[in-house]
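I've put the structures underneath this note.
First chain A sits with chain B, and in the next complex the same chain sits with chain C.
So, the complex of A and B:
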């Protein structure tokens, strides 16, 4: 029953989204009737409500264990705990497409409601674009990957094809028994039964679908001809929201890989990872260059390309990873959505680029200023954009461009391995960090080298000082010190610039430093939130360098009571607990080990191997045990044990220096992003007044 | 109000001087050249050809050359020396990948005439996904002895989460 409700709601949402496109365009362009435009707007909101119902229907079917529904049957099983029953909603293609459509319609509805009054001219077009994307995704769930389709038995068919799945009742069919289906149900892929994996996909999806809003505003601006900074204002914060979720999704994905996949790393340059990284790169470029358009009225065409490129990258990535186009560890099933996705991506990109070129030819995207000084802030921002786009191209080429081209042109199947990325990306990342260290102290318009140099002295000294602990703890190679130095510099500049502003505020407003910092964050959230993000990226960078360049590993077979040593630590094998049964039916073999340093017992870890008796296919998992400090992670895997004599077990141990800085830096980054997108309107009146006063004194920020 | 110092009110800006323009041009070209060099050298140095078991076996050219190889894992051949982390198994040629990966892999390992190749990996934790009828994607080189010495292994199990159908026996219930 719940599945039927979901199916009907999805069908209705398909029609309302299409109606919304028609009514918005027709009302705005042809009939010029406000009522029609309004009904288009309301249809967009209704689409969200209907998709909410559809999603609740699928969720209900999962919770209610309706195993006659194929999707429920294939991603859940009677022994699964409630939490994973809920997350099974996005555990497989059909469900995740519905979830994706739902999130996209939610974003669209919120954007429609918030921005309707302030951007009235853009909105009908923006709604039409948002709904076109939503309608496409609903179409995919309805016609290709329907999560509501159910199992049916056709008694008249040959014996081996009597069980079929269909959304609508086939003629001459009987419904299978729920009990029998329950006992054969698949259960969620064991790899996905992890907290990080439970929230990683929704965050990533939120990031992906979030880019639809800036895209729709950009397209709305191009279509309506309202090419003032209006669309930039409307889309900037949405781009930041999308960027926040995308960052979170990438970070959680890395954390999940580190915890669950058991190879001691967090990023493998796998095409699916890269597919999520590409929109992030493009989006980051946009978030920077949008400032130039706001402040200086420059780069109008470029920004259009970036915004459309971000969303185009989202759709391309979805297509590339879900169609089996590239080889990847992320075993998405190949499915029929490849061709429609490709056509959609192609037409979307084609139309967007066409619109940009058309407006540009009419001279409507002319810049207000030109570049004057090579050291000005806008030049440095352009350079930053250059590097981001270069990174985008390099990563795209390595993951998709080269393999696809060689397949098409030379009929050879090639891949560029991890080595390609490890060679091409570090210089580009280094360039970004250098820019991150210079651009914040440069000025708009014109900057002199001397002024710039003067502003850099203190951060430079701080950088050199902070390299000392690295040197003392054994980092002696020039390359590594330079890498740390470049990254640290970016962080010190962010801190020092904030510090200077705090000092001025303390002197002028006689506030205490903490309050001054708080006021700065709230008065100019984008700048100081931005610096906080820079600081987060710096901390992440240090973690990446440390864990990449200085990772240590060893492995050894130990009898109970024996130890192995690595990097100043020793690991003692205490005992093996075999055949422990967990709540969800998995069987765990747990090794108890003790981490010792300088004779001190630091921690008891329980690396283990899980076995899922009910699951076919992938049914074992190696779960690491880790002891974390600022200095490093002691990361241990139980590789195997002797089946006859349980005394001996083999362990693989990694020492990952500074890896925790990645997670801490991520936290700073997320916090900074939340500050940066905090609406100024919500400031307390006292602060707002002083901001207003500030704006009257100088032409305010 | 230090933060005001950067927000200079925009003044009408004259066209850049000729010298500046040349600087921009040269700078731009240099950057593009550097990026292109980086990408091209990265590509030529790290291209791995994706081969089938049969094509590598049939040509002596591939001995010692780093290639990427895809094959279907034959479960009973998997041998793991967990003390030394040495992994050996045999893969069968996958003639042509089709939409139904599970079926392709099943046919590959069941076909006694299919080309087969021994694979040897060292310093390797046995991957959870390594099992009968998994697809192994290996990076490494073929040795003189006909064994493929892999340095990297990537496994794909046809996820039955998408492709499977309940056992036909469920129909007896209704």
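So, the complex of A and C:
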């Protein structure tokens, strides 16, 4: 029953989204009837409600263990705990596509409700674009990857084709027995049975789908001809919301990889990771560049390209991940959605770029001002944009461009891995950090080298001073010191600019320093939230340099009681707990080890390897044990391809210096983003003014 | 005097040859059949530069499949037999193709892989500089008007405060 409800709701959502497109465009451009436009808007909101019902239907089927639903059968099993039964909603292609459609419809509905009055002229077009994307994804869900498809038995068919899956009941069919279905249910992919996977995919999806809003507003502006900064005002915060979730998704993905994938790192330059990184790069460029248009009325065409590029990268990444174009531990199984997704991506990009060029040729995207100084903030922002796009090109080329071209043109399959990315990207990241250090102290309009130099003196001195502890703790190579210096400089500029503003307010207004800081954050959240983001990126950068340049690793087979040493630590193998059975049916081999330094026992760790006997295909998982300090992580893996017993267990140990700064920096980055996107005032000024006027009238009366 | 200089020169050459011969002794001994002790770290140092030939995009040193365990064992045997890192990598590339290494070994593919992004980025940089130049020298558009921003202020506290206040008030 739940599957039927879900199926019908999805079907209705498909129709309402298409109706919304038609009514919005017809009402706005042809009939010019407000009622028609309003019905288009309402249909967009109804689409969200229907997809919510559909999603609840699938969730209900998962919770009720309705294994006749093929999706439920393929991603869950009777021994799975409730938590993983819920996360199984996005555990495979069909469910995640429905979830994706639902999130996108939710974003669209909220953006429609919030912006309807303030951006009335843009809204019908924006709704049409949002619903076009939603309709496409619902179409994929309905016609190619239907999560409501059920198992049926056709007794009259030959034996090898008696079991079929179909969304509608086939004639002369019977439902399979519940017991047989439950006993053969596949269970969730072991790699997804981790707390991080409960949050990582939804965050990533929210980030991806969030970019549909700025995209739709940009397209709405191009289609309607309202090319003022209205579309930017309407979409900038949405872009920040999308960027926040995408950042969270990437960070949580890194943490998940670190905890579960068992290779001692958090970023492997895997094509699917990179597919999520590409829109982040483009979106970050947009968030910087958009300020120039808002403040200066410049780079109008470029901003259109960036916002469309961000969403195009989202769709391309989705296509690459879900079509089987690339193989990866993250990729979904090959499916039939590849061709339609590619066609959708291609036509979306083609139409968008065509619209930009059309408006540009009509002279409607002309800049209002010109640059006046090579060291002005707008010029530095353009260079910053160039670096982001250069990184985009380098990552795209390494992940997709070179492998696809070599296969197409030279019939050779190649992989560009860490080796390639570590050659090409570090100079670009260094340039980005340098700009991050300079741009905040450069002035809008006119700036000079002398003025800039003066503004940089204090951060520069602080940077040199803060390099001393690095030197004293063993960082003696010039390259590493320069790298740390560049990154630290960006952070000190952010801190110093905030500090100076606080000090001035304390002096001039006799404010408490904390109150002064709060006032700055509250009254210009974008600037000071932005500085906080820069600080977060600096802390992350220090962690990345430390854990990349100074990582140590060793692998050794030990008998119980034996030890290995690495980086001043010792690891002692204490005992093996073999064949432990967990609540969800997994079998665990747990090694108990002790971490020792200078003769002192620091921690007892339990690295383990898990085996999922019920699961077909990939059914093992390596869970690390880690002893974390500010200085480093002592990270132990129980190697899963060597024999394990009391006499011989093979351990792979990594010392990852400063790695925890990556997670702490991420926290600062997220906090800064929340500040940056927080509305200055919760109520629009118009509402506040009328409320104030009302209060005054009331008082007067 | 001249003769002794020549003798000395030959002595130096002889010493150099002897030193180089000594430097080559360990692999030669290994090739002669005396097994070299190879640690798991030696194997991993090479395996982490290779990708699993079966599961794409997973480095060979961390891939958990039985096939990869066998390949790592093969690397161990190759090291024990005296093969160098490059010889082992070349052997894997010969058998499984360029996709088992992080950057292709084939010169044409390697150049295509590594040089192309720099060319694209170089073109992008030229375009960017061109845009900046054009935007600086465009006629008809006014220059950017002054705007409140703390960075625009001089470094004196009063002018800084003034700009800061304007910035916070959104003026």
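Quick notes on this one:
Criterion: the second predicted complex is superposed on the first by the 674 of 701 C-alpha atoms of A that agree within 3 Å, B and C clash if a C-alpha of one lies under 4 Å from a C-alpha of the other, contacts with A are read in each partner's own complex, and residues count from 1 in each chain.
Please note the rule applied: contacts are C-beta pairs under 8 Å (C-beta built on N, C-alpha and C of every residue); 3 or more make two chains touch, one makes a residue touch a chain.
Only a predicted model underlies this, so the values are computations on that prediction, with no experimental measurement involved.
In the three-chain model built by superposing on chain A, chain B clashes with chain C.
Contacts of A:298 after superposition: chain C is touched, whereas chain B is not reached.
With both structures placed on the common chain, the touch criterion links A:664 to neither chain B nor chain C. When the two structures are aligned on the shared chain, A:26 is found in touch with neither chain B nor chain C. Touch criterion met: A:378 reaches chain C, while chain B stays clear of it.
In the superposed model, A:367 lies in contact with chain C only, and not with chain B. Shared-chain residue A:184: touches chain B; no touch with chain C. In the superposition on chain A, A:508 makes contact with both chain B and chain C.
When the shared chain is aligned, chain B comes close enough to touch A:75, but chain C does not. When the two complexes are overlaid on their common chain A, residue A:176 makes contact with chain B while staying clear of chain C.
Among 8-16, 26-34 or 44-52, the region of chain C with C-alpha atoms clashing against chain B is 44-52. Residues 262-263, 295-296, 327, 329, 368-372, 374, 377, 379, 383, 386, 390, 393-394, 397-398, 402, 412-417, 419-420, 423-424, 428, 443-445, 500-501, 504, 508, 520, 524, 527, 555, 557, 620, 622, 640-641, 650, 652 of chain A lie in contact with chain B in one complex and with chain C in the other. Against chain C, the residues of chain A that register as touching in their complex are 261-264, 268, 270-271, 295-296, 298, 326-329, 366-372, 374, 376-379, 382-383, 385-386, 389-390, 393-394, 397-398, 401-402, 405-406, 410, 412-420, 423-424, 428, 440-446, 454-455, 497, 500-501, 504-505, 507-508, 519-520, 523-524, 527, 553-557, 620, 622, 640-642, 650, 652. Across the complex, chain A meets chain B through its residues 73-75, 91-93, 151, 153, 155, 159-160, 162-163, 165, 174-177, 179-181, 184, 186, 189, 262-263, 295-297, 327, 329, 331, 333-335, 368-374, 377, 379, 383, 386, 390, 393-394, 397-398, 402, 412-417, 419-420, 423-424, 427-428, 443-445, 500-501, 504, 508, 520, 524, 527, 555, 557, 616-618, 620-622, 637, 639-641, 650, 652, 694, 697-701.
Contact residues of chain B toward chain A in the complex are 1-11, 13-16, 20, 23-24, 27-28, 31, 35, 38-39, 41-43, 45-51, 68, 70, 80, 82-83, 85, 99, 101, 123, 125-126, 128-129, 131, 137, 139, 152, 154-174. Residues 39-41, 44, 49, 51, 55-59, 61-62, 64-66, 68-69, 97-104, 106, 108-109, 112-114, 116-118, 120-121, 124-125, 128, 131-132, 135-138, 141-147, 149-152, 155, 157, 160-161, 164, 167-169 of chain C are the ones touching chain A in the complex.
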